[in-house]
Amino acid sequence: MNFTYLSGGVSEGYCIVKTVEQKLNVKGVPYLDLVLSDSDGEITAKLWDYKESVHGKFEAGAFIKVRGTLSKYNGVDQFRVERIRPVTPEDNVDIGAFVPSAEYSGEMMLQKLCSYIDSLKDEELQKLTRALIEENAEKLLFWPAAYKLHHAMRGGLLYHTLSIVKLASAVARLYPAIDRDLLLAGAILHDISKLDEFELNPVGIVKSYSVKGELLGHLVMGAMRIEEKAKELGVSEETALLLEHMIISHHGTPEFGAAVRPMFLEAEILSELDTLDATVYEIENTLSAVEPLGFSARQWALDNRKLFNHGRKAAIPKANLE
Amino acid sequence: MNFTYLSGGVSEGYCIVKTVEQKLNVKGVPYLDLVLSDSDGEITAKLWDYKESVHGKFEAGAFIKVRGTLSKYNGVDQFRVERIRPVTPEDNVDIGAFVPSAEYSGEMMLQKLCSYIDSLKDEELQKLTRALIEENAEKLLFWPAAYKLHHAMRGGLLYHTLSIVKLASAVARLYPAIDRDLLLAGAILHDISKLDEFELNPVGIVKSYSVKGELLGHLVMGAMRIEEKAKELGVSEETALLLEHMIISHHGTPEFGAAVRPMFLEAEILSELDTLDATVYEIENTLSAVEPLGFSARQWALDNRKLFNHGRKAAIPKANLE
Amino acid sequence: MNFTYLSGGVSEGYCIVKTVEQKLNVKGVPYLDLVLSDSDGEITAKLWDYKESVHGKFEAGAFIKVRGTLSKYNGVDQFRVERIRPVTPEDNVDIGAFVPSAEYSGEMMLQKLCSYIDSLKDEELQKLTRALIEENAEKLLFWPAAYKLHHAMRGGLLYHTLSIVKLASAVARLYPAIDRDLLLAGAILHDISKLDEFELNPVGIVKSYSVKGELLGHLVMGAMRIEEKAKELGVSEETALLLEHMIISHHGTPEFGAAVRPMFLEAEILSELDTLDATVYEIENTLSAVEPLGFSARQWALDNRKLFNHGRKAAIPKANLE
Amino acid sequence: MNFTYLSGGVSEGYCIVKTVEQKLNVKGVPYLDLVLSDSDGEITAKLWDYKESVHGKFEAGAFIKVRGTLSKYNGVDQFRVERIRPVTPEDNVDIGAFVPSAEYSGEMMLQKLCSYIDSLKDEELQKLTRALIEENAEKLLFWPAAYKLHHAMRGGLLYHTLSIVKLASAVARLYPAIDRDLLLAGAILHDISKLDEFELNPVGIVKSYSVKGELLGHLVMGAMRIEEKAKELGVSEETALLLEHMIISHHGTPEFGAAVRPMFLEAEILSELDTLDATVYEIENTLSAVEPLGFSARQWALDNRKLFNHGRKAAIPKANLE
Amino acid sequence: MNFTYLSGGVSEGYCIVKTVEQKLNVKGVPYLDLVLSDSDGEITAKLWDYKESVHGKFEAGAFIKVRGTLSKYNGVDQFRVERIRPVTPEDNVDIGAFVPSAEYSGEMMLQKLCSYIDSLKDEELQKLTRALIEENAEKLLFWPAAYKLHHAMRGGLLYHTLSIVKLASAVARLYPAIDRDLLLAGAILHDISKLDEFELNPVGIVKSYSVKGELLGHLVMGAMRIEEKAKELGVSEETALLLEHMIISHHGTPEFGAAVRPMFLEAEILSELDTLDATVYEIENTLSAVEPLGFSARQWALDNRKLFNHGRKAAIPKANLE
Amino acid sequence: MNFTYLSGGVSEGYCIVKTVEQKLNVKGVPYLDLVLSDSDGEITAKLWDYKESVHGKFEAGAFIKVRGTLSKYNGVDQFRVERIRPVTPEDNVDIGAFVPSAEYSGEMMLQKLCSYIDSLKDEELQKLTRALIEENAEKLLFWPAAYKLHHAMRGGLLYHTLSIVKLASAVARLYPAIDRDLLLAGAILHDISKLDEFELNPVGIVKSYSVKGELLGHLVMGAMRIEEKAKELGVSEETALLLEHMIISHHGTPEFGAAVRPMFLEAEILSELDTLDATVYEIENTLSAVEPLGFSARQWALDNRKLFNHGRKAAIPKANLE
């Protein structure tokens, strides 16, 4: 643990509550049994004589500051917690060092996304995308893109969205028949209802799907959001309809969750670029753990393929979003 | 044709415009070339010296009254139209004798459906279903349920809906764990957005899918309708969510168009009963054209199966909705 | 264990042999090492100085009465068996309290089924179903319907059969083209060769599939039973053929084990109702272990779906067979 | 047509009735409008003043002798029938020259098959196969093996059966673990219920599937035949069961009609050899119509493949059954 | 036809032989019966008293110059050919005006492709791609990319290749883990053996697949070409292997013809971009024939989808390759 | 272990190194921790004071001779190695007794295969097969045919190849349209590039797939081998093409790894016989571990089937290759 050694055997530091359980000692007095983690590793910890009214309540995923003493128990390090509290903005600590996070700040990515919105020439599409992005800016700054698969990290949703917007922009330059505004608007909004689909833990990592997320999915919820916002802003039905179709078709085929299959050019391209970005991430992520000239195990999320690390370049799951 | 013979070689009667095309005769004068149909058969007809300003405009599917004279042309009957006009309510003619129609009146079926709504004990579900049915009552009275497959007839949507509601009611009696109100509300509303999915011709038969119908489908549109109406009526999000899930999952599997698969009992049962009613109709309809102890051709809509008419009972596509 | 305490540390009670193994003690003397269970729980037990000629032979699944003394061994309860014998009818104990069992008695369900047979108007169908049900009445009173899936309980076969017959009866009321006699006869007999498909343990729970069950399956065996019985009773070939088709097609598609696909209305409906009853049971059974607003794990037997407990009604796998 | 010219413009010859329809001439007098065929070609024919009581009744597929006069009608040959009658054994004409037929006589193939039966060492298997082949010998002499696909010719069933028996015999020599008797018995009987599956026209070519053939299929019917015959002959249940399993599994997978999948070695091999013989026939038959270095059209019966005629050897659908 | 009118009823012009057949007139004298086409339309033509030794031989697809007289036959234009000869380079006529052709010249596209080869930093990859492209430059200038689907036009192969190279270049900018040289080399060579896969007609449109093309496919042939060339040039086995894998996997899945699935990042991306370019072309090409707000028929090559022309931009199958 | 007891507590014997790991004792001195195996069982062993320069280097799979003393450690046998060295030819020990091996010698099988090559009448095919077999004779003598599935044993590749050649020869006798030379040449060479596909451990059992094996597969590599060798030997392109097609199609369908589907008779038969031999082996191998009248577990490699041991003959995975 990257704890700071104070004096008298006392250390303190920031960490994440990995697991927490309230137990009783042999005298029937409650204590907390915790596992704490930071980028350096994990440690088991005890908070003896735990009183919720005094110490506060902590759940898995909480970002905290602790102070206490380190000892050995059966040859294993153990931390005896003296003080514990949630991290506050005043601590000025970057959560990114503690949980998987995009390597760009949410603010930078959001600003970049907004500059693409500014570039849209179709006023309705600009108005609609701006409204939906701005209203949700706070969450977007850190929202992850997935539970377990690609971009399951703080800021992952913006990261994935921006990657696709950049790809879309390049593709639109190649094929003059593409309606760039429509394609970019669809790319910007395609996963917007992932904001409704997950329950996060306190540090911004997906804890589970939400009930609504399971019962409707982010495709149908996304179309509903657009329907409602378009009515509110007076965006024409025709425009809203095209975007809604792009949202509910962007998984490509029913087998992968699309409610309908893409029926026009921009919908099809959005769907293919979504696959491309997710696949690149998955492959790079998988190969980053395979040594050169080695093969990975079969990857369920990649159609049960093995992957090969040819070793010509380091495999890192990263996009150049500058 | 069931035309009435007047005097002087003149006949008149009601019929449907099956096809209509404006042409020019050898002198360059416009005339209408028509095919007219009623339950007795078809006839080709000409309206010479056609002027839209005088005679009006007619499209395929129009329900009209004509008067004119019958003659032979190359040994085939041909009708020379003298007068032509749309049928009006004052004519008091039943369209049901001219196009495929449910054997129950729309009014009777709607009333029956409303009595099921009355039977719901959950106030939110009752309020929501009542509002959506009553608002759309006018269209429901004659709306068909399909383009080419099951219940592609005037009144087919109510016919199919009511059949499923009756099945649902019976199934709910058998299994005590079923929430009857939820199941019935889902059954009543499951196809409500078929009202948005088709373009009809003037006599109430599907002419084509609507643009919106193709791009979103009646499942997603149905969920949107419920979302909007539930907000308007103050129905709780939880209740709306369950119904929305039932709507978007009622085709059972993605392969058959479900946006998600049914995840609770009432959603699953609705989906199975929808299949049951459609399949029964398809089988009966197919077998009604096969003689006893004979086999049909392979039926695309039935998984490419042949069907056998065992001849123990007459095959008629009919439900007992009394 | 629901054992009765007698005097002198001695208890006695009825229970099921969950596992049994003959072992040798350190002196080479045989003893039985058992696990016993009743609705209250399980206990390990020893029968020292076991002699088969004296005590009898016991296999897993046996329903027995034991008497003995309870002690602790390494802090765990252990039962030292003094006396052990199979339960006999004279004990007048209901096995249903010891193994998963239908909540209706076999007699009640059989009588109900026979009343449906009485209602058949087609004499051949009545004769044939009556013969096959009556001949197998003894087994039917307790036979389960499955190894691991739906209705894997004592009496499950009659329970499942009667549920489908009730559904069939309701469906036949809705669609006048259905030959009710044929549909009900098929429903009554559709799983009759499950009697040949399983090996049961002594308390009437499936131990394994029989060799014949694996090599032929209950569909083909069922058709063979009907063929043989129809010849014996002089039932016409035409009638037998229709029933045989219903039996071998009732799993709907080859993928699910149907030898042919249903080719007439009654065969198709039987197949769909079979699916409906099994699915309802599976869903209710799964959800009965999920708390309100929670989701189940993915269910292999339900196409790998997660299920949602919406909590509006208690989930219990039960049908109203009165 | 290979007709013989007599004197006075009169010809006569043997032929097959390809189509026949009874019509009325302009005076309302019935006549027969026929198409007749032999190995040389086809001709249209008229039988004026047709009286069933005088001329007899003729259906498509009948093998007949005609006499009459040839004339031109609109530049096309037409035959005016004077006399017409079915061919009788006394005519001593070989039907094989008129319809597709195996190049070996039925008698030769049956004798060959019986010599394989003689070679079985297992008495039960020998008794059972002998009984079933001998009882059906008359039909087997000419029965075809299919409606449209492989071996759809007179004698095709024996031809296909014998080919597989010869393959099975060779395979059994290679793998010592094979029970040769079981494999050969299964091969001999695997398609026996094709005798029940087709309706033939008078010259021994399949006219259609029988009702029983459609509703049960030759696999299930075959197992039923064995079940019944085994009981009659006192063959043990174990032996009958193995054969029944081989019959109902010999199409390999449910997708191709197997009621269960092969579960032991001999069943699997039978199924693979059945595919092999059918595929060889289909490929040879297809390529026999393709010129060297050319490709066929896509073949539905071969998984939609194109085939290539490499021209190294002539493609003929033939097996060496001597 | 864009023929030039000379004097005396005589016209002349350039055109393509669409069909040609040698026939005999009533006197038994040979003549050619032709259909000729240019961008303006088609015309039937006759070349009377045809002598191959005098007029030369012409096959379908030939690019010719004709002179002759126009007349009416049964009210239809017909051309009587007086002179006919193949077009020669001296005619200086652009074939592009007569058959579907890329809108960029082969030379321009080839030069562009070579500039990408120049940009490769890996010497082996540069050497190998340069050799294979330069050796085949003559054919590449006009070779089409397909028989019936995307880019079935003169120059289509370079057009499709260059589009993918441009996409690949953009994608490599986004993801730093991509080995740009490897990806581009794979993109440049991925369809190189389409040069072996088709037989062309004289104007450079695919007439049929070659025998080798059918039996091996351009994926396996492409890998063989690389293997052979790499050995010749002394390119390392490791490098050749990676390229060979990219070639044989670029159809993505076995279902679409890949011999193996892509196992590293560059192989996967190549496969996805290949799909993207082909799909964009198919969609644009399909929609170019659909009017705004209309739907196409189902497209076999697009997974049987209907497409929607939203009309926001003109649909033209074109890439910006400048 | 089949070790020989010498005097003074010392034993020696031949065995296989199952696992080997270099460790440090508490004093930091290296030792080897091994598991050794022979046909009798396994034993753990220690080589104290290990020095690579003295003792040599040993990897898993090595075939060695050891001498040392046996002792108990915690009640378990342990072997203290005194001497260790690789087995050499001079030891004259048959490796077949230590690892799974074909029951025929490599030499015998190779000779048999060569006699089939001698029997080919087509000179090109004979020349090509002879060259490829002779060049690889050394490896073929012991090469296995698979990693985990059928014929994963020393000599398995020749065993499997010869079995198929024998089947092919029998099939060619039955169907006169088969080009025997082509079929046999394809059978002889079909798996030749399995020599490139595996990395073996020292005793000739597959350790893993090679990089090349994973990235190209033995089908494509096999075609490349033939292409290269045919050019070298001056074999005609036509002949090489047919063989190459047979190699890349011999897995039958893309789903099972075929690059293209078989398009002529000999290619199809080769593919079916390859399946047959592999399936027979899998079934026999599976059933050899099942007792009579018992069922196996589901077999992944057999389409997830259970298998039945009918017990009429012993199940042994063996072919009669004499």
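Lettered A, B, C, D, E and F in written order, each chain numbered from 1.
Following the convention adopted for this analysis, contacts are C-beta pairs under 8 Å (C-beta built on N, C-alpha and C of every residue); 3 or more make two chains touch, one makes a residue touch a chain.
Bear in mind that the values here come from a model prediction, so they are computed numbers and not experimental data.
Novice: Please give the intersection of the contact partners of subunit C with those of subunit E.
Specialist: Touching subunit C and subunit E alike, sorted by label: A, B, D, F.
Novice: Fitting the CA atoms of subunit B to subunit E, what rotation angle results, rounded to the nearest 5 degrees?
Specialist: Fitting subunit B to subunit E on C-alpha atoms yields 120 degrees.
Novice: Name the chain pair with more contacting C-beta pairs, choosing from A-E and A-B.
Specialist: Counting C-beta pairs in contact, A-E comes out ahead.
Novice: Count the residue numbers both subunit C and subunit D use at their shared interface, divide by all numbers used there, and answer same if that is over half, different if under half.
Specialist: Same-residue interface.
Novice: Taking each chain's centre as the mean of its CA atoms, which one is most distant from subunit F?
Specialist: Between subunit F and every other chain, the largest centroid distance is to B.
Novice: Taking each chain's centre as the mean position of its Cα atoms, how many Å separate subunit D from subunit E?
Specialist: 48
Novice: Quick one: report the Å distance separating subunit B from subunit C, using the average Cα coordinate of each chain.
Specialist: 45
Novice: Mind pulling the subunit F residues that touch 2 or more other chains?
Specialist: 211, 214-215, 242, 263, 295, 306, 308
Novice: Counting only chain pairs that touch, give me the topology of the graph as line, ring, star, complete or other.
Specialist: Drawn as a graph, the chains match no named shape, so other.
Novice: According to the definition already given, which pairs of chains are in contact?
Specialist: A-B, A-C, A-E, A-F, B-C, B-D, B-E, C-D, C-F, D-E, D-F, E-F
Novice: Can you name the residues of subunit A that touch subunit F in the complex?
Specialist: Listed in rising order, the residues are 293, 295, 306, 308.
Novice: Show me the residue ranges of subunit C that touch subunit F in the complex, using the header's touch definition.
Specialist: 211, 214-215
Novice: Touching residues of subunit D toward subunit F in the complex: what are they?
Specialist: Where subunit D meets subunit F, its residues are 163, 166-167, 170-171, 173-179, 182, 242, 253, 261-265, 268-269, 272, 275-276, 279-280, 283-284, 287, 295, 303, 305-310, 312-320.
Novice: Quick one: which bits of subunit F touch subunit E in the complex? Just the residue numbers, please.
Specialist: 211-212, 214-217, 219-220, 223-224, 227-228, 241-242, 244-245, 248, 254-255, 257-260, 263
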